[in-house]
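Please read through the structure below; I'll follow up with questions.
Labels run A, B and C following the written order; every chain starts at residue 1.
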Amino acid sequence: MGLASIVKLFMPKDKVFYSLFEQVTTTLVEMGDIFQKAMNESDPEKRSQMLRSLEDLEHRNDETTHKIFIELGSNFITPFDREDIHALATSLDDIADYTWGSAKRLTNYYIHDVDDTVRGFADIMHRSINALHTGVRELRNMKNLRAIIESCVLINSLENEADDLFDEAMTGLFSTPNINPVDLIKKKDLYQELEIVTDKCEDAANVIESIIVKYA
Amino acid sequence: MGLASIVKLFMPKDKVFYSLFEQVTTTLVEMGDIFQKAMNESDPEKRSQMLRSLEDLEHRNDETTHKIFIELGSNFITPFDREDIHALATSLDDIADYTWGSAKRLTNYYIHDVDDTVRGFADIMHRSINALHTGVRELRNMKNLRAIIESCVLINSLENEADDLFDEAMTGLFSTPNINPVDLIKKKDLYQELEIVTDKCEDAANVIESIIVKYA
Amino acid sequence: MGLASIVKLFMPKDKVFYSLFEQVTTTLVEMGDIFQKAMNESDPEKRSQMLRSLEDLEHRNDETTHKIFIELGSNFITPFDREDIHALATSLDDIADYTWGSAKRLTNYYIHDVDDTVRGFADIMHRSINALHTGVRELRNMKNLRAIIESCVLINSLENEADDLFDEAMTGLFSTPNINPVDLIKKKDLYQELEIVTDKCEDAANVIESIIVKYA
């Protein structure tokens, strides 16, 4: 029996959710960091290596999410509503999935020129995931409701920024004379995947907000 | 304190949901009207202005939806099951999002020729949203179950019509010899977005039906 | 009153869910069989006829799913958590929808050359749906938890296989020199629809697993 298991034995059963959610957002922060760094890396070989490293993190996150669902099934008492735990775990898992999905598109579509739009999304994702991490960590003691609310407000405004960035990118692509249709397909699809990451951050923030409303 | 707030003080807390849902469908009806009128407007400048006006309505709807979630978090007693309120609010919000999304595609993709397919979708959306509005208004007193059921049946049949319209449009596009791939991408994407509006109307109708089943 | 209705009268009300879920997966197995056979049929006319026959099965499945929701609304006692019944019915219904959606793409996009990728997806779908059918049937008596768990594990690993098949197909398409953009659009869209079928099988397996966790 490892140290972690022993510690868990002495932890009130419902506290395990906080730890698991923090594990999830810690992994997400790591993914957001790597993705952003990769988008600012000029060496294609290094960039590609960084993107590939996201797969392991996505798998690790899958496992933690799976643990949350198992705990949810076996624990009668939960620190907040069961449906909120389910919805939060699902949206956080989606963030990892679509981040890894974006990385795969860059690789599988042979997109070698990382443009300002992609870097813009990477920056928004990075800030949004960090705000989520703050919000999730503060859920444990609920002493700093203001910090949680500020995180949620920031994530909502970052999602609006991502929407605008997406719209701009679309008008850019569709007003390019004689654009190569295959290039159009690649970029449109990649931008859509990136935009979904920020939607899922907003979904998670909305769940956090609804948890606070019930608590207050 | 405004009159609306004073009225709210004297309203049994759980009645607030009916009012909020009616506000949502009232906004949706307005959006459906404008969208349909825009699709039948021949002056491109006027059409574009009408489409842009949908953004404010979509924001207004976001705010009302947000209020529903806040009330849901803070009210212990609700007029129907909490998960039904959540599902209904979510699907109604999606209708506004995808209607606005369709408007943005028309604008951002520089689609100037509104074709019969788009007008067909606009007509189906319009009828479907109006049926939803009827269904939602009747939820308040539950005296006219038949009107609610008829609305739901109509919405389901309109969704089938939209499916057929979409399939026809796809076979049309993919059987056009030497179609410009960029045009294909624009239209396919727009039609998909429009079709989702009717799917979301059906989702909302299904929630309404499940509310009635429990009541009956 | 038909025999089925008389039998139902003598059945404990909550047992009806097992029968309905088994009806759903029986229809899904039939759909998976037909789809796989169609993808291995060389005569285009016969293939097209087989694909068209999926529409009736999809409708039949819609009706059974509808019955599940009606029973869920009117039964106070359910054999497992209400939200699990809802989630399981929804994901099983999605499997039918996306299978029929894949068939429609083959037809509407005039895809005449069924390639190895499509046959690979058809095979994965077939195996995944059969595993689901086993899992759902064993839910009734819960005597063979091991068989249920094995089904869920298999479905998860088949979904990974489908992911890899999809990634391979994408790198294949995007590395084809001078690929016809319209062909690219057709195939990419078809593969995506097929991949979603296996995602929905995984969703259903995850619900089944969470039902077992609560029971154990």
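Simple rule for what comes next: contacts are C-beta pairs under 8 Å (C-beta built on N, C-alpha and C of every residue); 3 or more make two chains touch, one makes a residue touch a chain.
Note that the structure is a prediction, hence the values are computed from the model and not measured.
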item: Third chains touching both chain B and chain A; value: C
item: When chain B is superposed on chain C by its C-alpha atoms, the rotation angle in degrees, nearest 5; value: 120
item: Copy pair chain A, chain C: interface residue numbering same or different (half cut); value: different
item: Between chain A and chain C, centroid-to-centroid distance (C-alpha), Å; value: 28
item: Residues within chain A bordering two or more other chains; value: 83, 181, 185
item: In the complex, chain A residues that touch chain B; value: 83, 167, 170-171, 174-175, 179, 181, 184-185, 188, 206, 209-210, 213-214, 216
item: Footprint of chain C on chain A - complex, ascending; value: 69-70, 72-74, 83, 86, 104, 108-110, 181-182, 185-186
